[in-house]
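Shared between the two complexes below is chain A, which pairs with chain B and chain C, respectively.
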Partner chain A sequence: MATRAVISIPAAIKANEAFEVRATVAHAMETGYRSSDEGARLPRDLVRRFECRLDGELVFAADLFAAISANPYVSFWMRVGKAGELRFSWRGDNGFEHFETRTLNVT
Partner chain B sequence: MRALLLLLVALTAHADDRRSGRDTMSPALRTLQADDAQHPAQLALALGRDLWAQGSKSCASCHGEPEKLRGAATRYPAFDKGLIDLPGRIQRCRVRHQQQPAWAPEAEPLLALTALVAQQSRGLPVAPPKGPELDAAASKGQQLYNARAGALNLSCAQCHDERAGLRLGGSLIPQAHVDDYPVYRLEWQSLGSLQRRLRGCLSGVRAQVPAWDSAELLALEVYLARRSAGMTMQPPGVRP
Partner chain C sequence: MKRREFIVAAAVFASLPEAQASDEAMRAAIRAWAGRDPEPGTLKIDIAELVENGNAVPVRVVANEPVTGLALFTPLNPEPGVIQVSLGAAAAKPEFSTRMRLARSQRIVAVARAADGRCWQVGMDVIVTLAACVEP
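After this line comes the complex of A and B, so read on.
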């Protein structure tokens, strides 16, 4: 099934005023420590890094580890002076990659 | 005066002391369920909406927008040529009308669609239907609810009626109301149906776990829906 992500950003943003960005991506975040019902070790499969860039400039990043739950949810605050484009990326084990872009409507 | 006092006593005796599991959770979890932008089932709901419109004979082609099914989830389990719960109804629709193979129990798309349909009944009271077959199932379900089971020799009622509000290990024992299903359980790290919850409890007391969609599980579901009748639904729920 195609990877899915849900991102929530306020519909209208005021310049230089803080707003919250929330992002979650569908991912099992398999720790590598669990075994299946049949007893076989489930191989580690994690999202390793989350990044958010505003017009190419890194504004937020997080390294994720095995203790983080499935469908990792990240929320952070930011402030912008003008309209721009936010680009979100999730990268992880087994070549996992997912990208989303959102346009900021600044008034 | 005496009559008034008696009336008052009678009224307080009939006050509803049922409490939904969502009201006994920690404040953090309550926020998680109340805020759609934080809700861990939001990915499933988004998937449900995609699936709803997918294919030549999509759910939308018969039912229209999912919002049109407001209230549908309050009326399950129902009787329609056999007992059927909400995931069962979605499976039946898929097999009969969409001519697609049935999903495995607890398959991600099945739970996503169940959550989407259930979500439309937020704020409505649980309103399980009546009927001779359902009445029979409810009394069988009640019997199962009160019967001791498993190596631990425990009935549902011993925990969820007699010891509700106390603790089992570190966790609060809820009153076992079914107003928020399907729920996103943090322990499961995914959505799960009421049947999964029941099977989990039964395996917890080390009883023989009934098969998916078995008469026992459906009877319990019918009884539990009546036990929670009138309570406000807020599906999909979040549970620890």
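After this line comes the complex of A and C, so read on.
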């Protein structure tokens, strides 16, 4: 199944005014400490890194550990002077990769 | 098994490492991220003081001056690291929010790192009634 991600950005952004960006990706964030019903240790499977770049320049990055809840959620604030393209990436264990892009409409 | 053997075996078993970090492990993780031991400082951790479900606890860390990095650590989760954030030039406020797991009641620690190399930390006690990791 394709990975789902939800990103929330204001529809209209004013130049040089702060706005909040919220991002979630569907992922179990399996810690490696839990056991299945049969008693077998469930192998670790984590999203390790989240990045948000504006036209290639890093705005916000987070290294995630097992203590982050399933479907990892992060929110942060940013400010831009002009329109641009936001690129989000999530990378993790077992080759997990997910990308999203959003265009910022600045008025 | 003789009584003496049992006592020795029990002592060995008791000294096995548990799946739990410690204050020492947390300090080492903080040092690895910040480059040195942070000083006590001003930093806000927004988290419920009494948490019912440790599987997804909303948490927000706010600094009162511009920072380049923020991180969260726990002494009593299986591992000390929670999240380590870097903020770029377009980040408008020195803060972030996420949802974290808490294995038990403990004092979580937030650390900030500024562009000039200063770093400081603050702790916050959280009580957890239903811990993470107990459900299958």
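The rule we apply is simple: the second predicted complex is superposed on the first by the 107 of 107 C-alpha atoms of A that agree within 3 Å, B and C clash if a C-alpha of one lies under 4 Å from a C-alpha of the other, contacts with A are read in each partner's own complex, and residues count from 1 in each chain.
In this section, contacts are C-beta pairs under 8 Å (C-beta built on N, C-alpha and C of every residue); 3 or more make two chains touch, one makes a residue touch a chain.
Please read all numbers here as calculations on a predicted model, not as lab measurements.
J.: In the superposed arrangement, which partner chain does A:A61 touch: chain B (first), chain C (second), both, or neither?
T.: second
J.: More residues of chain A in touch with chain C or with chain B?
T.: Of chain B and chain C, the partner in contact with more residues of chain A is C.
J.: Check whether A:R4 is in contact with chain B, with chain C, with both or with neither, and answer first, second, both or neither.
T.: Only chain B is touched by A:R4; chain C is not.
J.: When the two structures are overlaid on chain A, which partner does A:Y73 contact: first (chain B), second (chain C), both, or neither?
T.: A:Y73 contacts both chain B and chain C.
J.: If you stack the two complexes on chain A, which partner ends up touching A:A18: first (chain B), second (chain C), both, or neither?
T.: second
J.: Name the contact category of A:T107: first (chain B only), second (chain C only), both, or neither.
T.: neither
J.: In the superposed arrangement, which partner chain does A:R34 touch: chain B (first), chain C (second), both, or neither?
T.: Touch status of A:R34: second partner only.
J.: Is A:N94 touching anything from chain B or chain C once the two structures are fitted on A? First, second, both or neither.
T.: neither
J.: A:A26 contacts which: chain B (first), chain C (second), both, neither?
T.: Touch partner of A:A26: chain B, not chain C.
J.: Overlap the chain B and chain C contact sets on chain A and report the shared residues.
T.: Residues 69-70, 73, 75, which sit in both footprints.
J.: Contact residues on chain C for chain A in the complex?
T.: Touching chain A: residues 19, 55-57, 72, 74, 77-79, 81-93, 95-102, 133, 136 of chain C.
J.: So in the complex, which bits of chain B are touching chain A?
T.: 37-38, 40, 42-43, 46-47, 108-109, 186, 189-190
J.: Which bits of chain A are touching chain B when the two form their complex?
T.: Counting only chain A, the residues touching chain B are 1, 4-6, 8, 22, 24-26, 29, 69-71, 73, 75.
J.: Enumerate the contact residues on chain A facing chain C in the complex.
T.: 18-19, 31, 33-37, 54, 57-70, 72-80
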